[in-house]
Amino acid sequence: MSNSKTLIKIKPNTYKNGDVVKVSFMVMHPMETGLRKDKKTGEVIPADYIKSAKFEYNGKVFTTMNIWETLSVNPVITTYMTIDGAGSLKVTFTDSKGTVEESSEEIKPKG
Amino acid sequence: MRKVLQIALSVLVASSLAYGSEQFSMSDADRALYEELLDNNPADMMLASGSEHLDALGGTASLAKYLEQSKDSLASYLAGFPRYIDKYKSVVSIDQMLQAFMHDSGKKPYALKSSDMFDISSYVKSIANEQPINIDINANEHMKKAYALGKEVFNTRRGGRGLSCYNCHNPGVVGRILRTQPLPDISAKGNASAATWPAYRMTKSNLATLQKRFQGCMENALLAVIPLGSKEMTALEVYFTHEAKGAPIAIPGLKR
Amino acid sequence: MKRRDFLKNLSLSAATLAVIPTMSFAADEKPKGSNALAYKDALAAITGGKTPEPSEKVSLKVPEIAENGAVVPVTVEIDYPMTDSDYVKAIHIFAAKNGNSRCIDAHLSPANGKAMLSTRVKLGETQEVIALAELSNGNFLIASQSVKVTIGGCG
């Protein structure tokens, strides 16, 4: 099992070519600021956050993001995209430790 | 010193109990912004993982068979928990039923307080989404007794400040603001707590069940914390669930 | 049943601890973390010193009162075309008084169809949240709103 859980949601659920739809990406991540202390040991919990995300639709990058530790734990990010053919939406994200992961969702326009 | 602090705190609590018109209450526009967060509830990821846990046990088909339900009757049956189940000889919530299901399937049951259990039990309750809560407290003597005990737990003043659940959750204080939050009407006429838990807690960044939330509330109100799955805790869930009877289930909720 | 009998009947194993809510006091020098960047420096780095124009085209939706500083919803929508020749290149969100004032930058393209960015941010204290839109013609539009962060109540 991967250590990150992700979810991509497209709203509305049904769409056709040319529609501009909402795309939300969420990921389970602690988004540690590096400022918190462990309540038991008193030691500083090292910073650990997602620092970038790349949105790619059928191989074409349409949005990139720089992200900092100031986003809430388990971040949710929403933007729009234009539906242009069946295929896949891929979100690649990198955390502050350099780990790169990806999540994808099938795009199935109706009509 | 502690005593002084406690007195100071109780004054603080009392003075921050105010009606909605005060400056620290949120506007309707603000509340609408928070409502929108439900569209993308981080707990959706946790329920997705709960769904995978259930698949490992044979999925909904296998759960329906275990509960002697058809594919169509499962949702409505799940909307009736906590319920008395004869083969266990006790009134159980969904999580304890799942422990028995895991055990009877030859798997090691998840601990009641584990996140795996929160994930799977929340997912299983969400199978009943949109179904009205149909708990039947008159179904048998066991349910009658559980309801009576739950009501007693709800109304008994205890702990450092002699508070009962009733103190902050009674019709007389509904809508008053406690630290920006209106005290909720737990009944089906209000926010029907039992229908919207398990929920994602924004202050904790995690998914919690109704019983886990009761524990947090007890802890903060200086009441001895009742263990998850104990007779008293299950009874309290029975009481809360009956209060919200008829309300459509909407899991996962999203709470402060 | 008397209250004391009732308590005895509760199947409690753990001893009860009185929980005193933690109170935080402002320290002389707050740690700001390795990414610390003040808002005016962050803004200048993006605009290259150009003054952003306050604009009603930038709709910034944040609560006036945040019920919890750990999860504050922020939605920015720019009323601007998204054509190949004229579009919103980027949306930046800042929290003026956070140690690191930057929250997120989204670099958009006409394929987005609509210039919008929505997320949830942490706010350490009451402060201004700012949305900056960078246009393809090199201009910047800006909007801000103050968010009051209240202390958490029960849990």
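Observations on the structure shown:
Note that the chains take the letters A, B and C in the order they are written out, and that residue 1 is the start of every chain.
By definition in this document, contacts are C-beta pairs under 8 Å (C-beta built on N, C-alpha and C of every residue); 3 or more make two chains touch, one makes a residue touch a chain.
This is a predicted model, so every value here is computed, not measured.
A comparison of the A-B and A-C interfaces places the larger number of contacting C-beta pairs at A-C.
At the far end from chain C, in terms of centres built from Cα atoms, lies B.
The mean-CA centres of chain A and chain B are about 30 angstrom from one another, to the nearest whole unit.
For the pair chain A and chain C, the distance between mean C-alpha positions equals 17 Å. Residue positions of chain B touching 2 or more other chains, listed in rising order: 37, 202, 205. Of all residues in chain A, those that touch two or more other chains are 72-73, 76, 78. Looking at chain C, residues 70-71, 75, 120 sit in touch with two or more other chains.
Chain contact summary for the complex, chain C toward chain B: residues 1, 3, 6-7, 10-14, 16, 18-21, 61-65, 67-68, 70-71, 73, 75, 120, 150-155.
Considering their complex, residues 5-7, 9, 11, 24, 26-28, 72-74, 76, 78 of chain A touch chain B. Residue ranges of chain C in contact with chain A, taken from their complex: 31-35, 70-72, 75, 95, 98-100, 102-109, 111-122. Interface of chain A with chain C (complex): residues 20, 22, 31, 33-35, 47, 57, 60, 62-73, 75-82, 84. Taken in their complex, chain B has these residues touching chain A: 37, 39-40, 42, 44-46, 48-49, 202, 205.
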